[in-house]
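Each of the next two complexes has chain A plus one other chain: chain B in the first, chain C in the second.
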Partner chain A sequence: MSSGKFLTYIASHLNRDEAEISSIVASCSFKNVKKGSYLLQANEHCNHGFFVETGLLRQYSIDKKGKEHTISFVPEDWFVTDRDSVFFNRPSKYFIQAQEDSQVVLIDQNYEKLMSEKIPNFAEFNNRLLHNHISQLQERIDLLLGATAKERYLHFIKMYPDILLRVPQTMVASYLGITPEGLSRVRKDLALKNFKK
Partner chain B sequence: MSSGKFLTYIASHLNRDEAEISSIVASCSFKNVKKGSYLLQANEHCNHGFFVETGLLRQYSIDKKGKEHTISFVPEDWFVTDRDSVFFNRPSKYFIQAQEDSQVVLIDQNYEKLMSEKIPNFAEFNNRLLHNHISQLQERIDLLLGATAKERYLHFIKMYPDILLRVPQTMVASYLGITPEGLSRVRKDLALKNFKK
Partner chain C sequence: MKTKTVELVAAPPSPHFVGDGFRVHNFIPGGFRMDMKRMDPFIMMDYNSKYVFPPATKPKGVGVHPHRGFETVTIAYKGRVAHHDSGGGGGVIGEGDIQWMTAASGVLHKEYHEEAWSKKGGEFQMVQLWVNLPKKDKMSPPKYQAIKYDTINRVALENNAGTIEVIAGEYQGTLGVASTFSPVNMMNAKLKKGGKASFQFPANFNTVLLAIEGSFIINGTEQVPTDHLALMANDGDQFEVEASEDSVILVLSGEPLNEPIAAQGPFVMNTREEIAEAIDDYNLGKFGHLED
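What follows is the complex of A and B.
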C-alpha cells in the first residue's frame, strides 16, 4: 500500500523533503479496513493515531440509553485518535469505525519517538496539532451551547463539504446534536430560501 | 502579593524543590482584580495564562443574540487561558471576568521560555496540561451531546463542589447548556429523592 498522502502531509507540515522522512514514515504500519469494521471499540485502549489515505472513518460514542453520538467524521487526509486513551493509558469511551472501505496509516509511539529524535521541529509541529485540536473542540462546545440548528448545520457543511453525500442523515444529526427531524427541517428551510432567491 | 499556591502547584507538578524554581515564578506578574473587572474581553488578543491564587474567575462567550454561555469557572488553584488566541495569535471570542475579588498570577511566554530552558521536564508537563485540556473538552462535548440535564448537573457538582454557593444559578445553567427553569427542576427532583431516602 502507498503512504503517499501521509508522507506528503507530514513533509509539508514539517517543511521537509519527502525523501528525508520517507524512511520514518515507511516504519508505520498500514491497514485496509472494510466498511463497518472497527479500528477502536469502547473500553479498549487506543494505542494508535489513524491517518486516512483513502475512505472515511467515524468516531462516535454510545450513551447509556444506547444512542450513538458522532464525535467526528474523518475523511481522506484527516487524522483521528483518542488522545485521552493514548496519553493517559485509559480505556477509551469511543468507537472508531470505517464508514467506507478505507486505507489507513497506523501511527504509534515508536513513530513519534523516531520523529522527535530525527526532526528538530517535530515537537513544535506536534504542539501545533494539540493546539489545533483544542481550538476545534472549543469551537464545537461554543456551537453546542450557543448556535441554532441552522448555524450548526452551515458550519458543518463548510467543514465537511462532501460528507452529507457519504453518510446517512441520522449520523449528521447525531454530530450536530439535533434530531433527524430537526435536520430535515433545517435543510428544507434552507432549500426554500435558496429557491426564493 | 504572595505567589504561594502557584509556586507549590508548579513545584509539585514538576517534581522540583520550591527553592529551585522560585526565582522563575517570581518573574511572573501578579494582579489584584476586583469583582466584575475583566482580564480578557472578546476581540482582544489573549497574551497570558491566569492562575488563580484566591478568588474566582469565569470564562464565557456571548452569542449573536446576546446570550452568555459559561465556558468555565476558575476557582483557586485553577488555571485559565484562551489557548487558541495565545498560540495562533488570533482575537479571542471569550471574556475572562473576575466573579469575586481575586488575586491572579499572569503567565506569559517569557515564563514558558525560562521554564523550558531551566527545567528539563517542563515540556513534558506542558504536554500533559494540553492533553488534560483536550480530555476535559472532549468530556464536555460528550455531556452536551449525550447526557441528560440531571447527569450534567451531577457531573458539575462533582467537578465544582462549592461553585453553586458562589455564583447565580443562571450562570450554572449557562454552563450546563440548559435553562434556569430546567436547572431548578433538576435540583427539586434531586432534593425530593434525597428527602424520600
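What follows is the complex of A and C.
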C-alpha cells in the first residue's frame, strides 16, 4: 500500500494537481520490502525503476573476490534502477537490497508511456532525472579517481547527511572506495580538529 | 486525594535485538497511546526481559553510536554491562546498579557485556530508558552518574511488606541519589507476596509501572502480569499496589516537559533544524571519537 508520497512527489515536481495524475500513478505497483530482502539480484533482468517512499535501499555489486562495492544508497524520495539492464535488456550485475524495512514504488514502462502521453512536461522532468543521475555518476568517477579520502567523505555527508546513522560504517567505506580503517581515520582526524570538550 | 487509575496494561511487544547484546521489548515510543508526547519525559523504554546469553569470548553489545538531547538510564537487574564514551567516561554496572548518562550536547558511546561475564554467560535482564532534557539543558555538557546498588536509599515498608529503593525523586521523604534536570521519580518496589505500597505523584505526572519480577494488582482491580507495563491515567494523584507474589516493580513518574519534540534516530531535540545540526555535528566529528 502506498503512503501517497510518490504521488505527492511527482505532482509537485510536474506542477500538477494530484488528482490529474493519481490514476496513472495508481497503475504502479507498491511493495513492502523487509530489511535484508532483495528487489534485484545479480544475473536477473531489472524490469523496474524503484522509488523509495519510506526506508532505505542499497545498490551494490560483488567482485570476483567476494567483496561488496556500494554503488548507491537510496533513502526516502530517491529513485534507483539498473538502467543498463532495463534499457538494453541485459542481465544485471547489481543487487538492490533493503537496508531497512521499506515501502517502494515499482515503476514500469507502462507508467512512463502513460505519463508521456497525458502529461506534456513529463518528458522534460524525466530527462532532468536522467541528467541528474549522469551528473552524479560523473562526479563520483572524478572523486574516486582524484580526491582524497577526506574529500570523498565530506562530499558524502553533504549528499547523504543521515546515512552514517543508518548503515554500518563498512558499507559507507565500500561506497567511498576506502577501507573501514581508512574511514575511521578520516573521522578521527575530523574529531581531533572539531571536538571541543 | 484522588485515585490515579490504570489507563492500560501493555503486554511486552515482540522482542528485537539492539546490536547483538540486548534483546528488548520496545514499550516506548510506540504501541497504543505510548508515543513520546504521551510518555514525556520518558521518551524511550527498551526492556530486556530475562534472557540467557550463552558464553561468548567476544562480548556482545552495541557498537559506537551518538546521542544528543536527553539522558540514557540503564538499570541492571541481571548480568553486567561495560560502557565507554567519547568524553573518557566509562564503567561497569552489575546487578542493581544504574548507569545514568546525560548525553546532553552529545557523546559517542558503546555498551557491551562485561568481558568476564560474557565468558561465563547467563541470565541477563535490564531496562534502558531515555529521559528527555528540558530545552535549556539539551546543549549542556555531558556527564555520567554511576550509581552503585549499595548507595541507593531505601524505605522499609510497614507490615514487613517489602522495600522501596529510591533511584531518583522521592518516596515518603527519602530522596533518590540521582540528580535530574526535571522532576523525575524512579524507584524499584520490592514487595513480598501480599505486600502493599502506596504511591503519590501529581496527577499530571506521566507514570508507568513495569513488572520486572512477579505480578501485582493496582488499586485492587488491575492485574499486571510479569513483564507487562501498566500506564497510569492522569486523573488522580495516588494509587496502591499489592504484590500477588514476591515482586520487583520499576516505578517511573515524571513531570511532562511540554516542549516540542523533534526526534530522529539517536537525537531528540525541539526542532527539525536542531536535528539537522546534530547530524552535521556527528558527521564532522564534533561528538569526539571513540574506537569501536
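Note that in this section the second predicted complex is superposed on the first by the 194 of 197 C-alpha atoms of A that agree within 3 Å, B and C clash if a C-alpha of one lies under 4 Å from a C-alpha of the other, contacts with A are read in each partner's own complex, and residues count from 1 in each chain.
To be clear about the criterion, a contact is a pair of C-beta atoms (placed from the backbone, for glycine too) under 8 Å apart; a residue touches a chain by one contact, two chains touch by 3 or more.
Small disclaimer: the values here were computed from a predicted structure and weren't measured.
Engineer: Examine A:194 and indicate which partner it touches, taking first as chain B and second as chain C; both and neither are also allowed.
Structural biologist: The second partner, chain C, only.
Engineer: Looking at A:108, would you say it contacts chain B, chain C, both, or neither? Reply first, second, both or neither.
Structural biologist: A:108 sits against neither chain B nor chain C.
Engineer: Look at A:69 in the shared chain and tell me whether it touches chain B only, chain C only, both, or neither; answer first, second, both or neither.
Structural biologist: In the superposition, A:69 touches chain B alone.
Engineer: Classify the contacts of A:44 with the two partner chains as first (chain B alone), second (chain C alone), both, or neither.
Structural biologist: A:44 sits against neither chain B nor chain C.
Engineer: Return first, second, both or neither, reflecting whether A:157 touches chain B, chain C, both chains, or no partner chain.
Structural biologist: Second partner only, chain C.
Engineer: May I ask you to decide whether A:130 touches chain B, chain C, both, or neither, giving the answer as first, second, both or neither?
Structural biologist: A:130: touches chain B, not chain C.
Engineer: In the superposed model, which partner reaches more residues of chain A, chain B or chain C?
Structural biologist: The partner that reaches more residues of chain A in the superposed model: B.
Engineer: Is A:87 in contact with chain B, with chain C, with both, or with neither (first, second, both, neither)?
Structural biologist: first
Engineer: Quick one: which bits of chain A touch chain C in the complex? Just the residue numbers, please.
Structural biologist: 157, 161-162, 164-166, 184, 187-197
Engineer: List the residues on chain C that touch chain A in their complex, please.
Structural biologist: 65-66, 86-87, 264-266, 276, 279-280, 282-289, 291-292
Engineer: Please give the residue numbers of chain B that touch chain A in the complex, ascending.
Structural biologist: 61, 63, 67, 69, 71, 83-84, 87-88, 93, 123, 127-128, 130-131, 133-135, 137-138, 140-142, 144-147, 174, 177
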